[in-house]
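Below are two complexes that have chain A in common, paired first with chain B and then with chain C.
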Partner chain A sequence: MPEQLLFAMEVTLNGLMAGVLYALVALGFVLIFKASGIFNYAQGVMALFAALTLVGIMEGQVPFGHLINAIFGTEIHHFGWHVPGLIAIVITMMIMVALAWAVNQFVMRHLVNQEPIILFMATIGLAYFLEGFGDLMWGSDIKNLDVGLPQGLNSWIDETTFNALGYGFFIDNLDIVASVVAALLVVALVVFAQYTKQGRAMRAVADDHQAALSVGISLNFIWVMVWSVAGFVALVAGIMWGSKSGVQFSLSLIALKALPVLMLGGFTSIPGAIVGGLIVGVGEKLFEFAIGPMIGGATENWFAYVLALVFLVFRPQGLFGDKIIERV
Partner chain B sequence: MTMDGSTTMQDGQDGYVTADGRKIGGVIMEMKNITLRFGGVVAIKDISFDIREGEIRAIIGPNGAGKSSMLNVISGFYHPQEGEMIYKGSRRPPMKPYEVARQGIARTFQNIALFEGMTVLDNVMTGRLNYMKTNLAQQAMWWGKAQKEEVANREVAERIIDFLEIQSIRKTPVSRLPYGLKKRVELARALAAEPSILLLDEPMAGMNVEEKEDMSRFILDVNDEFGTTIALIEHDMGVVMDLSDRVVVMDYGKKIGDGTPDEVRSNQDVIDAYLGVAHD
Partner chain C sequence: MKLKLLAAVAATMMAVSPAMAELVIPALNYRTGPYAPSGIPYADGFSDYMTLVNENGGIDGEMVKVLECETGYNTEKGVECYEQTKGQGALIYIPQSTGITYQLIPKASADEIPIWSVAYGRTSAVNGKVFKWVFNLPATYWDAASIMVKYAMEQEGGSLEGKKIALVYHNSAYGKEPIRTLEKLSEKHGFELSLLPVDHPGQEQKSQWLQIRRERPDYVFMWGWGVMNSVAVQEASNIRFPMDHFIGVWWSGSEGDVVPVGAGADGYKSITWHGAGTDFPALQEIKTKVIDAGKNAGDGSKWGEVGYNRGVYAAAVVAEALRHAKTMGDVTPSSMRDAMETLGMTDERWTELGFPGFTAAFQVTCARHSSPRLGAIQQWNATDKTWTMVSDFMEPDFEVVDPLIEEDSMAYAAENNITPRECN
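And now, the complex of A and B:
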């Protein structure tokens, strides 16, 4: 097989894996959007915050350490213990639920029946607040996150492909884990939304507040639940991204990559978020591989947005989005 | 109820028997001296009336009389500044609308509040939410008890869909339905909750004559078949008089009449409110 084709195949595979990670972030957006009609700009920052908290807890870091030291002149940084990954994840999840409660209590509850654009603006505010809050709480240095997920070259794939094709594909174990996790997450979310009482109530609230109240659904409960689930998805995304590239504040920028993903897949479709993520992942890797060298590279920075732009022109609702029907 | 709409009243807490032989039970909801203000505007002024088990109770009045406000008070969307509500024998504290719904008071809205993105069946199924007791994990895994529960709830929903003759649109998204059918789906969703009191906010508003006749028939059938207590608001006098057992008449937030359709029809205040009085 020609070498170029083999390279292209490897690039495609890696693109798929990268796409899964985009899809993980996009999922959080879709979920909140479907459930509450809010486009949650803070989803990426929530992933960052979750990852920061997770690392902080695992390493026994003192929250607000810098602040405490600055005020009291103390020199405390660590509690001096280490928390195992699984327990730290559970604690982090509890913090994300508390965050969900706080977001509803202090922000969203007061914006019932407001225009979507106002809710959107509120989430922008939330994003900046959370970024600053995370910085204050855990510090801004780049941290290493290792919850025990396998990392590095998958030697089985490397060997198998080498024996079959004479060229070993490089696939990161972490990417494979991420794919499995994303698949499980999607199945869980779909089952939750479609087949459970709470899921049905969630869809009802997204559709019509008054009607939801009239069938006995507590809006506050559902909102806290939705933000908690979004927090959970953010935590999963945060773990994956953090394990891959370290927990750093540029993590919140990956949220922006979720935008073109959503435009491709449709803002209201969970499968759409996955497929959109994969298309963006594969597309930008292949484009960089094939066209990049001709135009000086760095196409990964803009390819996704251009693709999204093209989609907006020809299919504004995305691949899987609800068809836009208007009765006249 | 009879064709001429007459009922025979009997004294006492134990209800009365209508002229067509339906037994009306005791008081299920009593409104006592309800006053509702929005800032300086008095929407409801010191109104008392009761709703008895099994009856069709209408609240009528000209536009702006405070009918919808009254319905919103009963369903917990508004909270009156004065007065109290006795529901099933005990005083009802101020409640959120969803708590009222869980207590067995279902309602429809004047401007239709349906889940537009869902199918008719899903909409009706939301009415069963409060009957689902199994936990999240059981439901997600479609486990024994959860499955039985879902099937039972589904049966109730399907029975109501059959009853209201909307089988053919079961799987249609509500947003595609015409107005009259949407009204019927909303009724189905409210009925699915098997309410103790069913509140209908202008069920006939914006309908043509044929649709009105259909809706009237369904309201009577629901009351007859399930024994549901119904309180409805309507400003089409003709329809109300044919439909209801007892009528409260409101005007400018005050109660100006209360009784059987015949009694109300001959009430001078009511006639004045509807036809206007000569000011000389």
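And now, the complex of A and C:
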């Protein structure tokens, strides 16, 4: 098999894996938009906050330690214990639920029936608040996140492809784990939305919140639930990206990778986020491989947006998005 | 009546206070935002050293006042900080960002306040004949590129003929800085150079590292920043690239770039111009007189880190320039500039200040606003979590670098109608 074809196959596989990681971030956006029509600008920061909290709990870091020390002149930084990863994930999830409650209680419920742009602006404010709050709570150091996920070259794939094709493919173990987790997450979310009482209530609120209210569905409960689920997705994305690059404040910028995915897959479709992610991942990697060297490289960021723009021209609602028809 | 008396006393004190001279040094720090992990250690080191200077009696009795202004590593905010602080007696600016430096070069030159970009900013500012108010000691990016090539050449037994070097760089003006120098050096030494740009912020670099895995370069150099650094080190470890052949510039060589990668970062190298760790008398003095006394700027946890020591280095040089300026009379921005331009630090002086073996001696001149232009290679030990110097200080290939500096600075002079000064 020609060498270039083998390289292209390797790039495609890695693009698929990268796409899954983008989709993980995009899923959080979809959930909140689907249920409440809010484009949650803070989703990337939520992933950062979740990852910061997880590492902080695992390492036994004292929350707001810097603040406490500055006010009281103390020198406390750590409790002196380490919490196992699984327990820390559960505690972090509880904190994300508390955050969802707080967001609804102090921000969203006061903005019911406001224009989407107002809600969007509120989430921008939330993003800034949460970033500063996370900094105050856990400090801005780069943290090593190790929840036991394997990382690095998958030797089995390397050897198998080498024996079969004469060239060993590089696939990162972490990407394989991320793909499995993303698949499970999507199945769980689809089952939740389609087959559970709360899921159906969520869809009812998304369709028409006034009608949902009239049949006794609590808007407050549904919104807290949706923000909690988005918090869970943010935690999963935070773990995957945090394991890859360490937990640091630029983690919030992964949201930039989710936007073209959403444009492609549609803002209201869970499978759309996955398919959009895969298309963006493969598209940008192949473009960088084939065309990048001719035009100076670093094409990935803008190519994803160009791809999304092309889709917008032909299918504004995205591949799987709901077509909105407004009659005058 | 008492109230009037109090008011009069307060007014008198306020009127008198400006006369109680303080040596004002603005610190354009970034303790917040995505780059805070790099900004905090430097800011802590700079402030803690200045606190130590004050604890030891200041600069000939005058206290140093560090005027912190938060930029968040944002160029616009950096310029705002400059405008906000320049009227408060600012003696010298250390912009802490290449973007802010570029914005401040014309402003500060017009306001006649010196700028010191500590191994960043505009490389051609080395030419003091053109850039009267700008200093960029101890070394430039072009020096760094040349020294890294020199080091690789030494490792390869004196020749890079037929070898491959890949440059992984932040796709920005900063990241592109070494390209021209490396291209010139590849012509001279016969190595093949491949360029691999990484878009900001650099969290996803799979394409670049797959290419490195395919092309198998002998060395990878990195001009990275922020999250790009740790992701690159992680990816290099993932593809099992030999880490001792992976060398970063000085902004890709601090603890935050390697600690998140864990054991995989072991052996990674970077160029530096100063020592790491706490094994220096001045660092120990900071510990006892500043940190243990609770007078530190941060939480003390960064003490001895690369970024912290870099802040200490910058503060030590500024303090020495202040001492030098005082010998000329009242310290003003103008005398501070003169002091920077004639500043010299011998090995004996570094030792006297508590920095034996910490960095190299230097002498700034009118024509050369950067000195000593030396760099050494440090290597990361993931087990001990320490950086160790693995080479002596080396000088760049001046034959290649200096003509480039001359060309670029003269182009700047022509564009801005600057007549170069006559001096040596």
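In this text, the second predicted complex is superposed on the first by the 323 of 328 C-alpha atoms of A that agree within 3 Å, B and C clash if a C-alpha of one lies under 4 Å from a C-alpha of the other, contacts with A are read in each partner's own complex, and residues count from 1 in each chain.
Just so it is clear, a contact is a pair of C-beta atoms (placed from the backbone, for glycine too) under 8 Å apart; a residue touches a chain by one contact, two chains touch by 3 or more.
Since the structure is predicted, the reported quantities are computational estimates derived from the model, not experimental observations.
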| item | value |
| --- | --- |
| Superposed partners chain B and chain C on chain A - clash or fit | fit |
| Partner chain in contact with A:219 - chain B first, chain C second, else both or neither | first |
| Partner chain(s) touched by A:298 [first = chain B, second = chain C, both, neither] | second |
| Partner with the higher number of touched chain A residues, chain C or chain B | C |
| Apex chain A: angle to the C-alpha centres of chain B and chain C, given in degrees as a multiple of 10 | 140 |
| Chain B versus chain C as contact partner of A:179, first or second or both or neither | neither |
| Nearest-approach distance, in Å, of chain C Cα atoms to those of chain B in the combined model | 36 |
| Chain A residues within the chain B interface of the complex | 188, 191-192, 195-198, 200-201, 203-204, 206-208, 210-219, 322, 325, 327 |
| Touching residues (chain side chain C, partner chain A) in the complex | 31-37, 40, 171, 195-201, 203-204, 206-208, 210-211, 213-214, 226-227, 230-231, 234, 237-240, 256, 259-262, 264, 294, 299, 301 |
| Residues of chain B defined as touching chain A within the complex | 75, 77, 96-99, 101-102, 106-109, 113-118, 122, 125-127, 129-130, 132, 136, 139-140, 142, 175-176, 189-190, 193 |
| Chain C contact footprint on chain A (complex, rising order) | 7, 10-11, 14, 17-18, 21, 66, 69, 73, 77, 132, 135, 140-146, 151-153, 170, 172, 241, 244-254, 257, 284-285, 288-289, 292, 296-298, 300-302 |
